[in-house]
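There are structures below to look over.
Across the two complexes that follow, chain A remains constant while its partner is chain B and subsequently chain C.
So, the complex of A and B:
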C-alpha cells in the first residue's frame, strides 16, 4: 500500500500541520497533517478515534500540544475573529433547556454580531431551513433528539458561515430528517462553503460526499476521494462480481490469470465473484473475451469499492 | 417541500462585534429576574429610599406643623445635618449608611445569580459561546454585568433620589452643587461594591456545575472572610490583617471616600484600624483573585481564549 501523505494546499481553508493533542496520558490526535478545502468533507472514524478532538481544535476549544493549525488563515485558539465566518454544531447537547428554539437561536445570532431584530429574522429563517419552524416556540427541554439536532444546526447556520464544523450532526435524526440534512449539507458544499461533517456511520458520509478523511487512534489514515484512496490500497485485492450467463467459461479464463487471487461462483447461478490485486487486468481480459465472442458479460460491479471496505482495509493495515 | 428549495436570504448589513458581552449579560440577567425573590430584593433597595423620603418630607415640614421650631429647622439647614431615625445625618453619612445597609441586599441579589456560569457548565454551553466571535473578556464582562447591572442601576437611582431630595429640602442650590462630587463618589462606591460581589459570585459559580454549591461557597466565603480577618487581626495583634477581609477593606475604602461624620463603635473598633493604603490594594487583590479563579476554571473545562 502506498503511504498516504496529506499535502497542505494554499487554498485549504482548514490546515492541520503535525498537530498532536494529549489528554494527560491519553493521546487525542497524533501528528495530524491535514488540509480541508471548500466543499463537503467527511471526517470518519470509530468512536474515540479523535474526530471530536479535531473539531474542538478547529473551533478553538482546545489548544494543540504540538504543531500548528489554522482556519481561514487564523489560529482559532487565540483569534476569535475566525468565528465570524464559522458555524459549529457540537456533538453534545449545548442548550438552555428552559428556552425555546427561537430564543436560543436568537441568542446565538446576537452573539454572532447581529442586532436583535436581525437575529430574530434570521433565527426564524434558519429554523425554517431545518424544518423547525413549527416547533420553535416550544421549550427545548421537551424536544426529541432529532429536534435538538436541528436546533443546533439552525444555531450553526444563523450567520450564514463560510465554514461549517458539524460534529455528528445526523445523530438522532429519523430517515427523513437525515435525507433533508444531507441535502442541505450538499447544497451548502455546492455553494462553495467548507463543510466538515464527522460521523462514525460510513454510509451516511458516502451518501453525502466522496471527499473524506479517515481517522483512527488519533492518526489520519487517509484523505481524499473514496475511489482514489481505494485505488491506493495496492495490496488489497478488489472484489468484483461479473454477471454472465457463461460463468464457467468466464471463471476458467479468470482463474488462469496470475493477478486473480481467488474466484468463486455466486449462488445466483449467473455471476462469478473474483478478487484481484490488479483489477484493470481483469477488465482487459473480460473486454477481450467479449470482443472475441468467447462469452458475454451482462454486468461488472466492484463489491468493495465503498467506504466500509476502504475503512476496514486501512484499519487492518 | 425539499429543503434546498427554501430560500435563505443572505444578510448583507453590518454586524457589530464591539459589544458581544451584552447578549451574554442579558442572558445572565433574564433567569435571575424571573424569580420572585430577586424582584422582591429590588424592592428591598428602593424601600429605604421611600422611608428616607418620608422622613425628609416630615423634617422639612417641621416649620409648617410647629412654627416655634423654625429656628431649629434653619439651624438644621445651615449645618446640613438632618435628624432622621433619631440621629443627625449629613449627606455623607446618610449615603454611607444607606450603602452600608443596602450591601446586604446587594449581596443577596447577586447570590440569586449563582447559576451564571454553573448553568453554562451544566448545559455544556461554553463551546457554543466560544465558537462564536466572543472573547473570554466579553464572556466575563457579560457575566459580571449580568449580575451587577440591576443592583448598580437600582442603587444609583436610589442615591440620586436621596441627594436630590436632601438638596431640595435642606440646602441652597450652591450648597447642593458643592456636594455634587459626593454623588459621583457614591456611584463609584456602588460600582465597587457590586463589582466585588458579582466577581466573587461569578468566580464561585465557575467552580461547579451546581448553582446551589456555588451559593454555599459564596455564603461561606463572605461569612468566613468577614469574621476571620478581624479575628486574626485581634488574635495576632496585627490590626492590618483585618484587610484580609474583603468586606472590611471595602468598608475602609468607603469610609475614606465618603467621609461620614459618624461611625458606629464597631466600625471604629474593627475597621478603622486598617489604613486605606492597605485596604485599597487588598480590595484590588481580591478582584484579581476572583478574575483568576474564573479564568482558571474555564481553562479546566478546556474552553479558553
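So, the complex of A and C:
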C-alpha cells in the first residue's frame, strides 16, 4: 500500500517523516510519513486509529519517539512561535466552566498576545463567525455540546491562524450546525489556509473535502484525492448502477463480459447493478452499445466510489 | 505580546481563587481565624498577645498556611490537568511557562492577601477596645508574622506547584508532608528539622517564647539554633529549587489527558 502514501512535498505545511509515538507499550502512531498542504484535508480513521495522537504531535503536546515532525517549518514541541500561525480545537470537552464564551475567547486572545481591547473585538468577531454571538454572555457550564464545540472553534480562530488543526470539530453539532461549520471550513480552505479536520465519520469528511488521509492502527493507509486513492486500489471490484429502459438487453451484454463478476436487476426501477474488476471495460462496452443504438443508458453511477468503500477496502487489505 | 499573555495568566489565577467554586475556601481562610479567636477573647482571661501567639503558631503556622499554600500552589497546575484545560495554555505562542508563571504569581498574591486579611481579622477581634499603646506595640509583631507566614506560604506554594508538576494528584503527598512530616521532625533532635518548612516559619515568627513546649524534654528536642538569616535563606532555597524542578519537569512532560487507548 506504500504507493498510496506519496512522498513529502516541499510546500507541505505539516510534515511527518517516519514519526512513531508510543504510550508505554501501546503504539499510538507507527512510522507515519505524511505531508499536508493548504486547503482542507480530512484525517479519517476509526476511534483509536491514531488521529488525536497525530494532532497532539502537531500541536506540541506530545513529542515524537522517532522521526521528525514540522509545522510551518518549526518543531511545535520546542518552538511555541508556531502557535502564532496555528489554531487548535481539541477533542476534549474542557473549559473554564464559570466563564462565559466571551470571557473564554477573550482569554485565549490575550494568551495569543493581543491587548484587552483587541482581544474583545476579535472574540466578538470570532464568536459571531461560529453563530455564538447571541449566547456569548451565558456561562459555559450551561451550554449544549454544540455550543461548546462552537466556542472551542471561536477560540481556535481568534488569532486568524493560517493553520487550523480541528480534532473532531463536528461532534455534538446538530445538522444545521454541521452544515454551517462545514461551510466555514470550506471557506477557510478556499482562502488558502491549511485546515486539517479529523473525524471517524466518513460522510462528514466526504461532504467537506476530497483530500484525505486515512489512518488505521497508527498507520497512514492512504493519502490524496478520494478518486485517486480509489483508482489506485487494484483488483477491487467497483459496483456500478446502470439506469436504462433496456435493462435486460444491457444486462445480457454485460453478463457476457469476463471482467464482470456479478450482475443483478434492481427490483423497483429500471437499472442494472454490476460489479467489475475493470470498470473501464464496462464503460467502454456501454458506450459502444449506446453508439451502435443497441440500447440507451440514462445514467451511470459508481455506488462504492465513496470514502466508505475506499476505507473498507484499505482496512481489509 | 508577552505582557498581554502574562496578564491573561493573572486573570486565570484570579479567576481560580475567586470565581470558581473554590472561592468558598478563600472565604473560610479569611473568616475562620477570626471566628476561632472570638471565644478565647470573650471567655478566657489570657492576654491578647498570648492568644494571638497561640493562633499564629497552631492555626496559621501548622494548619492554615501550609494547607492553603500547598493546595493553591498545586491547583495552579492540577486544576488545568484535571479539567483538561492545560491544552489551551500549552498551545499559545508565548510558550508553556509564561501563562502558568503569571497564574502562579496571581494565586500567591491573592493567597498572601487573604492571609493578611485573616491575620488582621484575628488582630481586630483580640485587640478591639484595647489601648492604642498596646495595639501599636503589637503591630510590629503582626508585620513579622506576615513576613514569616508570607515566606512560608511561598515555600509551601512552590512545593505544591512542584508536586503538581510531578504527579497527577499532588494534594495527598502534600498533606502527608505538612501534617505528618512537618509535625514529627520539629520535635526530633538533629538536622532533620531542616527538611521542615514549618521549622523555618517558626524561627521567623514573633511570638515564639510564649508558646514553646513547656516540658523540658520536648523543649530540648525542639531546640534549634537556626537564625533568622538562615531561615530566610532556607525558605528562599526551597522556593527556587521547587520552582526550578517544576519548570524542568513541565518543559519535558507530556500530558496525555485521557487514556491513550481511548483518546487517540
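To be clear about the criterion, the second predicted complex is superposed on the first by the 313 of 317 C-alpha atoms of A that agree within 3 Å, B and C clash if a C-alpha of one lies under 4 Å from a C-alpha of the other, contacts with A are read in each partner's own complex, and residues count from 1 in each chain.
By our rule, contacts are C-beta pairs under 8 Å (C-beta built on N, C-alpha and C of every residue); 3 or more make two chains touch, one makes a residue touch a chain.
Since we're looking at a predicted model, the values are computed, not measured.
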Specify the outcome, clash or fit, for chain B and chain C once both structures are aligned onto chain A.
clash
Determine, under the contact definition given at the top, whether A:61 touches first (chain B), second (chain C), both, or neither.
both
First, second, both or neither for A:184, with chain B first and chain C second
first
For A:88, decide between first (touching chain B), second (touching chain C), both and neither.
both
May I ask you to decide whether A:144 touches chain B, chain C, both, or neither, giving the answer as first, second, both or neither?
neither
Could you tell me if A:26 is touching chain B, chain C, both of them or neither one (first, second, both, neither)?
second
Which partner does A:53 contact after superposing on A: first (chain B), second (chain C), both, neither?
second
Which superposed partner A:80 touches (first chain B, second chain C, both, neither):
both
Check the residue A:125 against both partner chains and state whether it touches chain B (first), chain C (second), both, or neither.
first
Can you check which stretch of chain B gets into chain C in the overlay, out of 37-45, 73-81, 163-171 or 181-189?
37-45
Once the two structures are fitted together, what part of chain A is touched by chain B and by chain C alike?
59-62, 80-81, 83-84, 86, 88, 90, 92, 94-96, 98, 107-108, 110-115, 155
Write out the stretch or stretches of chain B touching chain A in their complex.
2-4, 6, 8-11, 13, 15-17, 20, 22-24, 26-27, 31, 119, 123-135, 302-303, 305
Residue ranges of chain A touching chain B (in the complex, touch as defined)
56, 59-62, 77-78, 80-81, 83-84, 86, 88, 90, 92-98, 107-108, 110-115, 118, 122, 125-126, 128-131, 155, 159-160, 165, 180, 183-184, 186-187
Contact residues on chain A for chain C in the complex?
23, 26, 28, 47-53, 59-63, 80-84, 86, 88, 90-92, 94-96, 98-99, 107-108, 110-116, 119, 155, 218
What residues on chain C touch chain A, complex-wise?
1-2, 4-5, 7-9, 11-12, 15, 19-21, 83-85, 87-96, 99, 254-258, 260-264
